[in-house]
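Okay, got some structures for you below.
Both of the next two complexes hold chain A, though its partner changes from chain B to chain C.
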Partner chain A sequence: MPNPRRYTMDNQAVLRRIFRELLHVSEKDFGDNLSPSSVPAWDSISHLALYHALEQEFGVTFSIGEILSMDSVSAIKCFLRNKGVEFPEAPE
Partner chain B sequence: MKTAAHDKKNFCFPSLLEKNDGKEGGRRPRDFLECYRRFRLLGDEAFSPPDPAERIALLSDFPMEPLAACLAVLARERMLEAAVYPGGHANLGGEILAPESPLHEFRPTVAIFTAGNAFLSVGPGADPDPDALAGCLLDVIDFFRERFPACRIVMTDLPPDSSQISPSPLNGVIRKWHGERRDIKLLDLPRMISEFGAKQAFDRRLESISGIPFSHDFLAHLAGECLESVLEVAGPRRKAVILDADNTLWDGIAGEETFDPGKSPLKETFMGIQNRARTWAERGILLALASRNNFEDTRVALAAGASGPLRLDDFAAVKVGWEEKPVMIAELAAELGLGLESFVFIDDDPRQRDLVRNALPRVLVPSLPADPRDRPAFLGALLCFPEKTTEEDLRRNERYRFRTRAEELKKKSKTLEEFLLDLRTEARVGPVVPEEIERAVQLFQRANQFNLTTIRYTREDLEKTFHDPRSLLLRLSLRDRFGELGLTGLALLRFSPEDGGAVVEALVLSCRVIGRGAEDYLLGEISRLCLDRGYSRLRGIFRPTSRNAPAARLYPRLGFALVSETESEIVYELELREPLAKPATIHDG
Partner chain C sequence: MKLSVLRRKQRSFRNLLRRRDTQGLRESLSLNLSRWGMRRVDYLLLRCRAPGEEIPAELPEVELSSLTPEDIPACAGIEGKSPDVFRRRLESGDAGIGIRLRGSLVGYAWLNRREAIIPEMNVSMPLEENAVYLYNGVIREDLRLRGLYGFFLLHLLRDETARGISVYAAVDPRNRKSLGTHLGAGFEPVGRLRQTRIGSKIVFGPTWPT
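What follows is the complex of A and B.
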């Protein structure tokens, strides 16, 4: 399994960028509570690109269960934290 | 005369590979995420441009949106305005049968069938007979042909399957069926998977989640291959074939020590390829040659009895030298007075093919199989040529040969530098480390063309330099927007503390990187390193051979003065006041 990028200071910025590029979420709209129901572009096909982008950018691998349970930004952060990717604890 | 090289419409450098957000290096052109980002940027017009030249339907039993997204993006990069219909339903037959289905409304001009195994999955008690199973799919395609008689068809055969059904007998049935339907472009999916890397081509998680049997990046690769086939069956009819020479027309590299195509175990295969080229010429298709090698070595390889039936005279135009392939092709197009959309480019090297696809998007660049034994049949099945040839076509080769000799242009232009800048080559120079010794020995043993002294160092010779404070073995590594080129240059320095001088005893470049200014970069670094160590005099040696003419002018061109000259060795010297300037086309990596 690839080594996750544990100590990158910009993890939050990377996550924001992925959401901007793949799901058209602007910087100001980005937040932990975003979910497929609040982001129109977050459909089942985008989801396939989203988990792939997260894996590529953070150097992690998700299980099928994790991919299917990624239903919000906070869930994504939780899975990434479990794999050693650090995010600020405080809500944005 | 129209110069295709300067026709903005024809000669462009798509920005697909621009660096993204500070990530190291540019992405490869068929990277799924890069395609998907671009797809998102295109918005609503991604699948429905206002005035499409082609309407491409993707038909399968698994979701086609990701493949369609990649195809839509890559088509634009090849200057094809295409509407894309992402089918992909378990009820593939129903979609084709029902006149009210969106597919009928879409009115496809090209259909791509790429069935997974789900379509053919059978329940308990079902008939496992390969003919009956493959027949399910083939009947659907035959029915489609009846419904859409003007629509051209590209199809892949079936991917390997993790279920009990072995794919090979089904593919055998498909091949047999295809034998009577040669107007359908059949893509060899097992070969594509094997060349991509079977492990990387599949993603069981993606299959479990979505039913898509492939990995993300293989989808992007498959989209690129499908697009090339669309351009082949539906694009402009091609009037000329540009052939690479080494490892395309014969086995090996002309001029290398071991080059002997007549004794190659693949001799018959390459004869078959040369015969195919002659068949094209007999049909009135122009042949042109674009080879990165010495002209003399290539000429000898095309002499009677050397490699096969082709002769230098069979080519209407010839470019042999050290320019990059897109530059050669643009010059050939200008010389022949044909637009770039008239050309097919055949090259065994996937890197050269990608270079040409990116720089000259209108040229058709089929993905030649990696195994030469598959190539004669592959080339014989190309569907890009005019169906009928006229007397005029048949005379064309002869006329063009005459004209080429008469015009014999040599246009040096900004094109080469523009091209090199666009490659965004980055270089790193440092001491060779023990792990690199094998590659270093190989390069010293094999390099002929850009080899200043042609000293064939052994492993022991090079290992000695590690323990000799007066010696320094440097390596040059390059990367460009297409990825790593790896260790492609070497220099062996010998220092004389007594007189404050240093000598470049050897300097070699891999023939893959000749023509980019890599030698200037390497000498720039050498000069800086010498000054840092307090050496202000740098000597260079050139020992001429029958092959190393491309390296002959290196030292005088960079301002070195002649010190001595014999038949076998020329010595140059430069007083170093400041480091030599590095070329603008290569950046520090």
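What follows is the complex of A and C.
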């Protein structure tokens, strides 16, 4: 069973890096609302690469239901939080 | 447009084609065709001989298997096409591959080992030996862009190219997600399928290297 990263200040930075490297999303464009429709490079192949990178970087395993429901950054954070990976709460 | 002008244009295309003057053909077709009442459609012809290896082709609870006559109603339901379309494909010898999630059909694609046919363009092209044409890849609408088609493509390309078979596909380049998925899986552009129509009449439909 993988050992998830419980908390580091860097989790948000890791997520940003994954999106920058795989989906070419710049720092200034990164946000919780990003989705396949708003990111041109987020296609079917990129989605495979994305979930594998998330599993490796955060030491978690996703179910097929979670993989098929990853339709935004906020959904990804939600699934990661459920596995013990912490992110700063979005400002109200 | 006057018919005489139209015929002169057609003769010009044919002469360029006969001389294999691809640059001339490009320039001729880069005229403002809408001004002449013509419509132009381009598809990119893609080929894969060696798929990308860096992306793991893994999706839990997703399997690939051949389509059978029992799958035809599900295929028809996914795309809203007549079941006869799929029945004819199976009868013609085309191979259908089903993408199944927990046993349920959620997508499919078809392989033709004789020729590449793009029905939207009414264009066909004989295939070289040891080649296969991938067409009509579809995923159920609510599951698109979630890795299912990418998973299928990676498996298909790795299986076929391991046996020395090239895989061809034609993609409408305006469909950026489809193009990105194919290129990401290891396809490369090898040509352009271009068709010019005047009404329902096809004037010209060649392939040439990009």
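Rule of thumb we're sticking to: the second predicted complex is superposed on the first by the 90 of 92 C-alpha atoms of A that agree within 3 Å, B and C clash if a C-alpha of one lies under 4 Å from a C-alpha of the other, contacts with A are read in each partner's own complex, and residues count from 1 in each chain.
Rule of thumb we're sticking to: contacts are C-beta pairs under 8 Å (C-beta built on N, C-alpha and C of every residue); 3 or more make two chains touch, one makes a residue touch a chain.
Note that the coordinates shown come from a computational prediction; the quantities given were computed from them, not determined experimentally.
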For A:21, decide between first (touching chain B), second (touching chain C), both and neither. first
So in the superposed three-chain picture, is A:78 touching just chain B, just chain C, both, or none of them (first/second/both/neither)? neither
Looking at A:52 after the superposition, I want to know if it touches chain B, chain C, both of them or none. Which is it: first, second, both, neither? both
When the two structures are overlaid on chain A, which partner does A:70 contact: first (chain B), second (chain C), both, or neither? second
Based on the superposed arrangement, let me know which partner A:36 touches: chain B (first), chain C (second), both, or neither? second
So which positions on chain A get touched by both chain B and chain C? 41, 44-45, 48-49, 52, 63-64, 67-68
Contact residues on chain C for chain A in the complex? 55-62, 101-102, 139, 143-151, 153-154, 176-178, 180-181, 184-185
Which positions of chain A touch chain B when the two form their complex? 17, 21-24, 41, 44-45, 48-49, 52-53, 56, 62-64, 67-68
Under the definition above, what is the set of chain A residues touching chain C in their complex? 36, 40-49, 51-52, 63-64, 67-68, 70-71
Sort out for me which residues of chain B touch chain A in the complex. 21, 32-33, 36-37, 40, 63, 65-66, 69, 205-206, 208-210, 212, 216
